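Chain lettering (A, B, C, D, E and F) follows the sequence in which the chains are written, and residue indices restart at 1 in each chain.
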């Protein structure tokens, strides 16, 4: 029995509220259960130096957690003077994932920076961040298209992410904090709307996992992500979820 | 005429939503017009080393702006590797102000850390932060009292803050970004419920101000802060504003 | 009774020695009692990038304390790897204050950097620094004028600063360290020769101050600064004080 | 055709030389083709503070590249003042992987730190590092056992790692730099001697990969790692490879 | 002909003013011509952790240059966020040199930190700093002796330093900035009152120097340092030089 | 008797293996006994900004120690976030020394960066590094000459370095770690093939040394360096040593 009473292949309640920022070109607040992440996409014309003059664009991401997004207050990274290894790993993952579904030629010499700031954390912040970042980026691209900065085909496919893990011997979908902190295995999957894989990160600090368990996790991720992509489509269509 | 059509001594619409965090012992989202600041108060038993073993507590604050809380995306301070001088100045101000209304003996050997994170900025973020931080701290103290960690008299008075400035020759209350960025003078006042001054910071980068203008700003601040304290009382009384 | 036997509205003995540096374009050693600050003004043609090409100049300041300027040796900031929040706050204050009396058009595309280094500290280092920085800057502007780099009207007015505070219930002028460390309220005022206000910073960490006390502090500051400006005039006139 | 003429499921020539350091308790130089990594394991009794007094040990790793281990000289991280995100990601991966095969109770309150320094890089530095780090750690544990610091069962299984990728449409094993820099997909697998998974990291910055491709990569990794484990056994048995 | 008209083996005018700080336990302002260095010695009971509990003391030094001690304003190291390699080299040299004439047993578990801050630089700042630091340290030890913290034999010998160099083919003593910046060779010598060597640092960035030239520099240093030690003795005897 | 049984003026066994890097334009592994340093020379066309456009080149060096090159594991400087004062001192010394034998006009607007990474440390790492860096630099210059980037006369003379010290009262050549850690005096000499001095650094933290001892050290250094230069010539001639 999962602490949340969910069945093994059940996502938490997902909510996505678009246009939550007055300033950002695209934005949303996404919730996976009690995990809430604010995603804002900023359109900039100032590419990084090594990317300039090639007729192509760039997409990057930054990630942060508010100090009291967690049960115990965390030290503010700006005070500590650097981002932790974990933060850097996550923001590199978000950026790479988003780039996998963007046509950089079609984007032109523009940069989109997506900031994912965790307002409240209850497990799965990176997967919620990726799923929400896609919405914010999509709205930023729509903003560019309205202004005829780009054409039609910038975004090539949907992108969503979910975690899976082996919890008390059972493979389960979308771990919350209670599950995550005691799971034997924790895996994060990023996939496209077409069901292709963009990133797989499976980790077994406690107990190595078998090839069979790996197959179960892959199956759960495929199911969960297809549901998330479905929700993204409804939200971008103007529905409220 | 002010860009917002307000009369000179008129505050922006103020909203305070309490208990917006599942984790923090006290929290609120405060809005001064379009400026929105999330304030969370964390109760910790781990005093800074220089404060230990004296039977007294400590209150401190940290301040941050989300990168896209502003019209142009700002660099994330955690990425830059340090807090700007402005950030440090503001968080020192918030901490000092809160300490002025706390009885450190009554607080005992506990620390309250208030994080003020600007979700959206439209001028007056530090004054909104102080006004909201007082609510978050009050709720954290109430949380401690419920658990009999502290007694009755920890908080000695209300605390609120507002900015004033000389805009196109006229002293006005509670500057928004449009006013602030072109004001000749910008002053921030922090006052108690009893109408005493905790902090005054008046700055004239453009044009020095006269003794008469200073008196006008003081008068505006007294009016604005008494209204803010009134709202704080209603909110802490359970009303929705 | 003040520890120094001064009457409430009495400044400490002020000394200003000009041209103490062989290298700097303007310099002075200023003393407020035992507080001694070396101020050197450097003329540079290299404006900060965001200020270039606009036909205007820039004035900035840096502040430091020698490690043994204080009763207990302080950690050297260069060793610590960063300037403290207090240092940054003070140097931002000095820079803003100086800019308030400089005509940036008249200065042309030149930068003046004033370094204020505290040789010995006994309270009021920032106000001594501002008062001395004005002299060093004036001499640097005179140096530029001699070389026909600028014309006549670069400096628009005098600038001086003083602290006031409530010490044992009495508002007093120009606090020394003994007073400062036990004052209920500490306020710093920066004013022009014409008696206008450039900066007011009043802080009550211990006990909030009343509107009446604020008025007393303002009055003391006006008196003290007019005396300091008078001394500046004599010193710039070639007198020894 | 692979640039190196290897068939798709063929490892590069692997060499492991043990005891290359006079100081370290365990060490080896491992080569995967032209990639060479020096792995040294240091036994320390000084656990990190959060790990103390629990009767268990800790294993951690650090990773670095010599500035000219690459075709173009890279900036030295000690000069840059920080480790890159990539470096931190890799050293966290190595540490997590090693911990998955160590019985922390059996290790007792000791720490093993494995340094993996890349002498020459030609793709696959992190997988060579993990495979070599296991040897260095094993020798350090043997050193401890000889001195009766630990007993028999500290290391629970073998551990090795390999990369796979989709190169010009074909899944291939153990990518060298030429392949890696143009592969559509790059995946790193860490597995135990028993064929269980410790880490999977698959990334598709260029082109998302299908479920079928994922299965091929898993199969290649299983084959490659079982060969690497076989070599580890021979080397630890005293054979030269 | 030297730019300063001095003969080859002639020191610049040396001045040493003792007790220039109200706070420091020992202090002096030392001038070698236009080079002026403020040396303050602080007595602390807080030894570095690795030095504690051994019944011995420690002497250390820190060095800094005020930003406008030089012809062109230098960047403040506290702003840059670190001490330059040159600064660290010099302060390590000063500390090592001072330790060579202190009996650490006799000093007991006390630390003396000597700060050498260059007020004005005209070549030879490190040698002036060492020569002055010895005076400040001596006065701090005398301060300790008066208070019976230490006994008689803490300082074992005098210590002074001077630079020599080959300027336009001629070995000369005590280089000023004009000579130093165009000398083929620059050497710094630190010696004791008994004429023994504590440090020799000879550098030929431009043109390697011969064994004969080295012998000449050694001879000049011996002469110059014996004169400096003579002056130190007079100054510590209460004379004014 | 020296711990290594060497006679006082005897070098340790020296080995120099050239071309140990596939990537670097010049490289060698040099051993002075158990001290081993990997030296790689990188040819770059990107001069530091202050050196550009003058028709001359630049040579610089960086130095590092692998964490377990020493008996006790040292903290990795990249993790610590900065290079130690010792590291900076050494790499500045290596760079200065190399520059003393290079004709910067003949080098043209090219930079050579020599990285000296200590694989194993047993005393004398800086002198081994300089002696090996000269070989790596020579091979890099030969590489440039083959490609007609430079002409014949870039390197003006040989360059080698050795340490000497007073060990148990006797001046000895080329100290190993056992001697170095208990020597009264430690001196490093850098000399050219023609027997001229480039750098002398003599330090007596324990006991000042006499003029006679200094002469002995100079004599030992002259002998040792002439032997090292002889070996360099044989190695560059293609012999194996």
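Here is the rule we use: a residue touches a chain if its C-beta (ideal position, glycine included) is under 8 Å from a C-beta of that chain, and two chains touch if they have at least 3 such contacts.
Given the structure is predicted, the values throughout are model-derived calculations rather than measurements.
The interface in A-B, A-D or C-E that matches E-F, meaning over half of the contact pairs are the same by residue number, belongs to A-D.
Annotation: 28 Å between the Cα-based centres of chain B and chain C. One inter-chain figure worth recording: chain B and chain F are separated by 59 Å, centre to centre, where each centre is the mean of the chain's CA atoms.
Mean C-alpha position of chain D lies 33 Å from that of chain F. Within chain C, the positions touching two or more other chains are listed as 82. Following neighbour contacts from chain A out to chain D and onward until the ring closes gives A, D, F, E, C, B. Within the complex formed with chain B, the chain C residues making contact are 82, 85, 88-89, 92, 96, 99-101, 157, 187, 191-192, 194-211, 214, 218, 222.
Listing the residues of chain C that touch chain E in their complex gives 21-24, 27, 34, 38, 40, 42, 44, 62, 64, 66-71, 73, 76-83, 87, 113, 115, 117, 119-120, 122.
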